[in-house]
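The following block contains the structure, expressed as structure tokens.
Every chain is named by a letter (A, B, C, D and E) in the order it is written, and numbering of its residues begins at 1.
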Amino acid sequence: MNDVSNRALSNLDLETPDKTYLDSNELVINMGPQHPATHGVLRVILKLDGEKVLGTECVIGYLHRGVEKIAENRTYTMFNPYVDRMDYVAAVSNGLGYCEAVEKLMNVEAPPRAKYIRVILTELNRIASHQLWLGTHALDIGAMTPLFYTFRDREEILKIFERYCGARLTTHAFRIGGCQYETYAGFEKDVKNFLAFFPPKIDEYEALLTTNRIWLERTKNVGVISGADCIALGVTGPVLRASGVQWDLRKAQPYAAYSEFDFEIPIGTNGDTYDRYLVRMAEMRQSLRIIEQAVNGIPEGPIMGKVPKVIKPPVGEIYHSIEAPKGELGYFIVSDGSTQPYRLRVRPPSFVNLQALDIMVRGLLVADVVAVIGTLDIVLGEVDR
Amino acid sequence: MPNFIMSYLGSTVTPGEAGNQFWALIYVLIIFAGVSVAVICMNWIERKALAHFQVRLGPMRVGPHGLLQPIADALKLMLKEDIIPSEADQFVFWVAPLIGLLAAFTVYTVIPFGPSQAVSDMNIGILFMLGVSSLGVLGIVVAGWASNSHYPLIGALRSSAQMVSYEVAMGLAVVSAILMTSLNASGTGTLSMIGIVQAQQQQGVWFIFKFFPLGLIAFVIFAIAMVAETNRAPFDMAEAESELTAGYHTEYSGLRWSLFMLAEYAAMIAVSSIAVTLWLGGWMRPFPNLLNAPAWDFIFSLFPGLTFLGLAAIAFVGTARMPADSFFKIQRIGLAVFAALLGFIALLLLAIAVAGRFADASVGARFRDGIDYIYWFVLKVAVFMYLFIWYRATWPRYRFDQLMKIGWKVMLPISLGVLVVTAIVGVIVS
Amino acid sequence: MVPITTLHYLVVAAALFVLGVIGVLTRRNVVIVLMSIELILNAVNLNLVAFSRMWGNLHGQLFAIFIVVDAAAEAAVGLGILIAFFRNRETINVDEIDLLKW
Amino acid sequence: MFFLNHIWLIPLFPAFGAAMMFFFGRRLQKATVNAVCVGAVVFAFLFACFTVVEYTHFAHGTGHPFEKIVYTWLGSGDAHLSFLKKDGTTAQFNADAGFLLDPLSSIWLLFVTGVGMLIHIYSVGYMAHEGGYYRFFGYMNLFMFSMLTLILANNYMLLFVGWEGVGLCSYLLIGFYFHRKSASDAANKAFIVNRIGDAGFILGALTLSWYLGSFRFTDINTLARSGHFAIGDPVLTAAALLLFVGACGKSAQLPLYVWLPDAMEGPTPVSALIHAATMVTAGVYMVARSNAVFVLAPTAMKTVAIIGALTAVFAASIGLVQNDIKRVLAYSTVSQLGYMFLALGVGAFAAGVFHVFTHAFFKALLFLGSGSVIHAMSGEQDMRNMGNLRGRIPTTFKTMFIATLAIAGIPPLAGFFSKDEILWQAWRSADGGFPYLWLIGFGTALMTAFYMARLIFLTFYGQPRMSHEVEHHIHESPKSMTGPLVVLAICSVCAGWLGVPASLGGTNAFGKFLEPVFAREVAASVAPAEPQEPAGEEHRGLEWTLMLLSVGAAVVGGGWAYGHYANAGKDYPEPIAVKAPPLYTVLYNKWFVDEAYDYAFTGRRKIGKIRLGAMGAGEASSWFDAKIIDGAVNDVGWVTRAVATLSTWWDKWIIDGVGVNGPAILARMISYPARLFEWGLVQWYALVMVAGLLGFGVYYVWK
Amino acid sequence: MNPVMNSALNSGMAPVATPFFFYMLAGLAVIGGVLVITRRNAVHSALALIVTLLAVAGLYLMLYAPFVAGVQIIVYAGGIMVLFLFVIMLVNIERSSKERRFNRMWPVGLAAACALLALFVSAFAKGKALFPDRMMTLPESSNTQQIATMLYGEAGRMGQYTFAFEIASLLLLVAILGAVIMTKKKI
């Protein structure tokens, strides 16, 4: 039942040679940290028999900045921008998780309008993250063009961000207790324009890829992982859902205003790269649904809850997790009653999902390693923190 | 002296056939220069076309609309340090790009741009082309091996397996076209490139339409195999950027790297030329037998000039649409000059066409015909070049094992079947 | 200049043949031994084609073609044996291939 | 006649299933495994039914056996395999792959395939969540194959094949959970103890064939009944006793019964099929099959009866106090097997076989029911932790209750008829002392009723004593498990009606059917027993009395258990423990038999470094052999070696050195040039070729 | 073609520099051969062999055997040598490139080869007179066709070498199967 426990996980034995086709030594290749397809500075040590992957080991830490340690030396408010630098393609989600965790710790709640703004922005960010994933994933598999299409359309989202909070990438959109900024005039119009603008674009992406023979051959039955293996490894997010496990924190333990919206959790069946592709494409459409409901039902009211000037949570600890675009993003905060966290720990989805790489690529070819790295949708800023 | 030159221009046979080595040398030089220029143009066109596929502009800075970009690139590459890794096999590393280049350019000796516009009309022309183009793989294999690095080695092994595999399907497709050349009164076919085109002329049909759909199938197989043969997307496993960083030329830089690029693009043009020669009637203009009145000749001979006129018009429109900022002044002037140059060429070609129509001299008419032949040939090849770019913009990359599977399990059986059926049909028809 | 006659070609062929023989007899690397055999076969082919020209018929050329076929078969089988051998013994030195002794 | 002629196919169905599992099992889906294995047994059952129906037509009530010899399996008439019989003639050592169908084997065939089929179906549900699914079914099918071979064999040798086959399968299935030490130990124990019995069996079979000249049952029976042999013929007596040793081993009789309770380590369907219904009755079958020989050996018959009676009461007494639900049933099985042997021993073969037949149903039912209980209890087997399950698993409760009534001998259920037939026959066999056997049997019946009632009350009545988690999980078993239970319950009720004795107005159809097998054409004149039918008339009153007595015993035993256990709470008292603590200790520790065996045979007990028992004796003799005898031998050897060294030196240097190696070295030196051409180096060969080319060239150029 | 042009084309260029090309190609072939047997690195040897093969192909062209030359280029240079390079890369030659190049009996081998060369030279010297000075001129343009006729026959007649051709194809098939089976790890 549990295949994972029987396999030597990530213990890539480079000393004892495996039997290769020619009974000669296997090829050991360093993929990265400088490599076009490792999405940053991931280094994968590949053990190959010709082109067949016998085993992999991920070497990470090239982008380590000690975010968790920094948190212990910053006040809660000061630390808020740092979380944007982890998963920098989904900075809004990171901020949401952090703010909600601290709010939970302090037992305050953001007002409903703030929650709606948060949902709109996070879902927009989810779309942006998936767009970036789609572009780079397709590029890894050799299709250049989708990258430019997705970047073109992602620009619309970034424009909304920019107008809202002045930043495009590392937005720092939320504050503990609500939002800092009221929506700008025309925010709702912009969002609605985007809602009308984007669905044809998804169709465009799908027209390029979904039924493309080469795309199908490159992604079907590649990097298959079962739901049981996913659960055993703690893999979350679209990867888990593509393996047929219906688990989405937005539904399972609703946060922000998600309980008020009607949407579906797309799941796959085979757990292969193609299913993950389909799941993410469907998630984009679902995100649009959520945004549409949110923007139509956005309540009036304050955007900031009753939060003291100096954030000083009571002694205690809290774990709060949200469904980031890449999976479960969790913050565990221990407070000693001072203005700085005593300890802050992040559960990054990318880091956990990356652990599935080895069992997904064993027995596949080098080209599939690239596809699988792409389909895992990792961001090294988040893996290394 | 002019007479001497004109006699070259008006010759009805290739220099090789005439045994004129001086003339042949000139031809070789012209072709070498022409192909190099074509590669440079191709480079620019590819970058621009690809950019427009991908909703961006492509090179815009060096020269108007980046027209001088390839030249700048070439200069940059020539001036870059030529790094040879210390652990590499120095000599082989040095010689590898030359092998590829040599193979790619040698092919052009038998490509017929016209009935006499070829260096030589070898009677085993197509055999020679297949053989020499298959030598190109040696350069890649040796380059990958000599780099003494893993990625290039994998790239080299991939590309050699790929090229050797697809050569089989390609060769069989070619044979089925050659079979069609023997469908004449004497029953003897030909391997000569010029002979193949002439056979299409005699039979009054391009081989792509012969025994429909047999010729078409063979042509499609060749068209796929030639993409694989030149390591272009979606079969660019050997230099798969996202997998092997740059494949067999990962360790190359500067001039030596640019030689690989030159060889690759030259090979693309060469295989496209083979396809055009074998199936698309080579240098022949559309409907040469049907519309054979001198008036038709004249109308079709206007095409080259009109094409250049169109290009010049586009360039002029571009000049007019340049922003009226002083910042763009130089670029505007440059584009205008370019447009003027194109316009001048267009006028020259039109003049030649008109002169050919009204001058009864055979030399002038042949000169005009020569330009015609080259024009149509290049036009057909250009379609293929555009297809190459289009493929690259549209498709993801195949995986290596899938590629081999297609090569051996799909293309080879189909091409064999086409060959057999073509032979049977040919026997029945004749 | 002396006109080129059949003898010239024969001399070249003889030189290639002797070079091939030297390679077969003295090199240790099996791959190079196989290449030397190709040299010998080429020398023979050259002879055949030269005689074909001398006698004015094509039988020599045909034989040359047949020998090319043989060479291809020989290379395929030889290299196959070489790979099988390398897999078992991890060497491609001909003087370590002496199992026939027993 | 199609089915009869193809009778050899019956064992092959499960053999096919087993082979499939062996070769492909690992890759098959569970559904496929079910289809193949269960299907094979269902096929075997249907085939067996048709075969028996055809046989009844074939025999027309005469009981004439049907024999089908497929081919000669051992011997094949080879003169080298002939042996000298006692009477001076030679006989061939011939064992056929032959199949014999007569009433006796028909009965076994039917209930083995029938009960086997039900248990297979039950196992589908029971094993659904276990690992090694295909392995289990493969073993089960292999067992069915072996058992059917055993039953259908027409000679002792083929029977022995089946006999060993079932032993092997028993071993494999007891040790099915081989990662559990206790299971693998139990498997080893079963196997080793059975080996003792098997040794007796094969010796007995060979003795018979040496004496009578054939392995075939038909031949042996004919010979034994021919009157050539006197009653009490010592060789036949010895052979019968040896065969009985075999039966003791396989059927768990004193003193070889110890393996059977431990065999409960296997999965419950295995216990039901192998260790209750079928395999353990192989001994009964074999003795019944050899009845002609046994009849000629009254001493052996008496031994059988006494051992059977003792086993019955002995095992029953242990069963009184055991707490493990399956162990109680195991001792019950041993006890009931004792009954069967008692019947065989007093000459009531038909009654014994009848009891085998009825016992198969209700004991299988009990085991399957207990399996269902264990299933419901999440693996709990200790009755002390059960209680009040009757409402929670009603089907299991009802069927098990029926089975308990049956085994206790409550009319009109199956057990009543068969048991009373045995008791009556024991009483009636007027060979002195047999009423004592009846008395023992009667006591056993009393105990049986008590411990079975105890089992039911502890399990299904009283207060729940299990932990909360377990209680939470209690659920009725799936249909595939309860279905067989119901079918078996119906059989348990009805099976006895086949053999309603004349005294109760029945016809004893079962006995009539079997009569030809046990008919004593010749022996009848010798046997002391008078004709049976008239005897019934005059003793009818007595028979009824005895029946009433045993029914009364059952009621009393059950009532007693009711009094003590019906409301058992968390710490209910054991009545025996209260009244006679030492007796309870002895019974609870199974009369210390295992410990005694440890002292006497297995050598697990030591005093200091000296082992006790047979192993100790073996070690002592080994020491004697090693030190005293071998010491002397070694001393002699040393002298020899000294002489040999001297002789070696002479041989090596003088004879070999000068005489042999000298010429060899000479030859090698001379042959060196020739060797040059065979270096094994390819390039050398090439050089030789070049040399040859040179030679030819020189010849042709300068010719 | 008009006579004026014809004369213009042929004027002063009639003697094709055959001896020059011959000596150049022969020199290339022999130098390549020497490199083949002396290089330590098998890849260098293979490259040298390619040079030799191409030079020999050139010699075939000079001998009016264009089809053989084409076959030589396709089969030898394009096929067999790629196979060789492939195998060289598969088997790890780093070890062998550091070892002795020649086996222990190389003096004997060299002597035998020299004796062979001497034999050839003496044979040529002895039989020089037997060779005709001029060589026949074969029809180059129909070379392929004639070879095809000899191989396949014409107009329903079996060619002289059809049977041999089929045998050769069978040989190739067997060689392919043999090579595949020998190199396959598991069959």
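In this text, a residue touches a chain if its C-beta (ideal position, glycine included) is under 8 Å from a C-beta of that chain, and two chains touch if they have at least 3 such contacts.
Everything numeric in this text was worked out from a predicted model, so none of it was measured.
Student: Quick one: most central chain, C-alpha centroids?
Tutor: Minimum centroid-to-centroid distance belongs to A.
Student: By CA centroid distance, what chain is farthest from chain D?
Tutor: B
Student: Which chains are joined by the largest number of contacting C-beta pairs?
Tutor: C-E
Student: Provide the C-alpha centroid distance between chain A and chain C, rounded to the nearest whole angstrom.
Tutor: Comparing mean C-alpha positions, chain C is 63 Å from chain A.
Student: When the C-alpha atoms of chain A and chain B are each averaged to a single point, how far apart are the two points in Å?
Tutor: The mean C-alpha positions of chain A and chain B differ by 46 Å.
Student: As a quick test, compute the distance in whole Å between the mean CA positions of chain B and chain C.
Tutor: 37
Student: What whole-Å value do you get for the distance between chain D and chain E if each is reduced to the mean of its CA atoms?
Tutor: 80
Student: Specify, in ascending order, the residues of chain E that touch 2 or more different other chains.
Tutor: Each of 67, 71, 79, 88, 90-91, 103, 105, 108-109, 112-113, 116, 120, 143, 185 in chain E touches at least two other chains.
Student: Give the residues of chain A touching no fewer than two other chains, as numbers and ranges.
Tutor: Counting only residues that touch two or more other chains, chain A contributes 22, 24.
Student: On chain B, where are the residues touching two or more other chains?
Tutor: Chain B, residues with two or more chain partners: 157.
Student: Within their complex, state which residues of chain D touch chain C.
Tutor: Listed in rising order, the residues of chain D that touch chain C are 678-683, 686-687, 690.
Student: Show me the residue ranges of chain C that touch chain E in the complex, using the header's touch definition.
Tutor: 1-12, 14-23, 25-29, 31-32, 34-36, 38-39, 42, 45-46, 49-50, 52-56, 58-59, 61-62, 64-66, 68-77, 79-84, 86-87, 91-95
Student: Can you list the residues on chain B that touch chain A in the complex?
Tutor: 50, 53-56, 150-151, 154, 157-158, 233-234, 236-237, 240-245, 392-402
Student: Of all residues in chain A, which touch chain B in the complex?
Tutor: The touching residues are 27, 29, 35-37, 50-51, 138-145, 147-149, 152, 208-209, 212, 214-215, 217-218, 365-370.
Student: Using the touch rule from the top, collect the residues of chain D that touch chain E in their complex.
Tutor: On the chain D side, the touching residues are 681, 683-684, 687, 690-691, 693-694, 697-698, 701.
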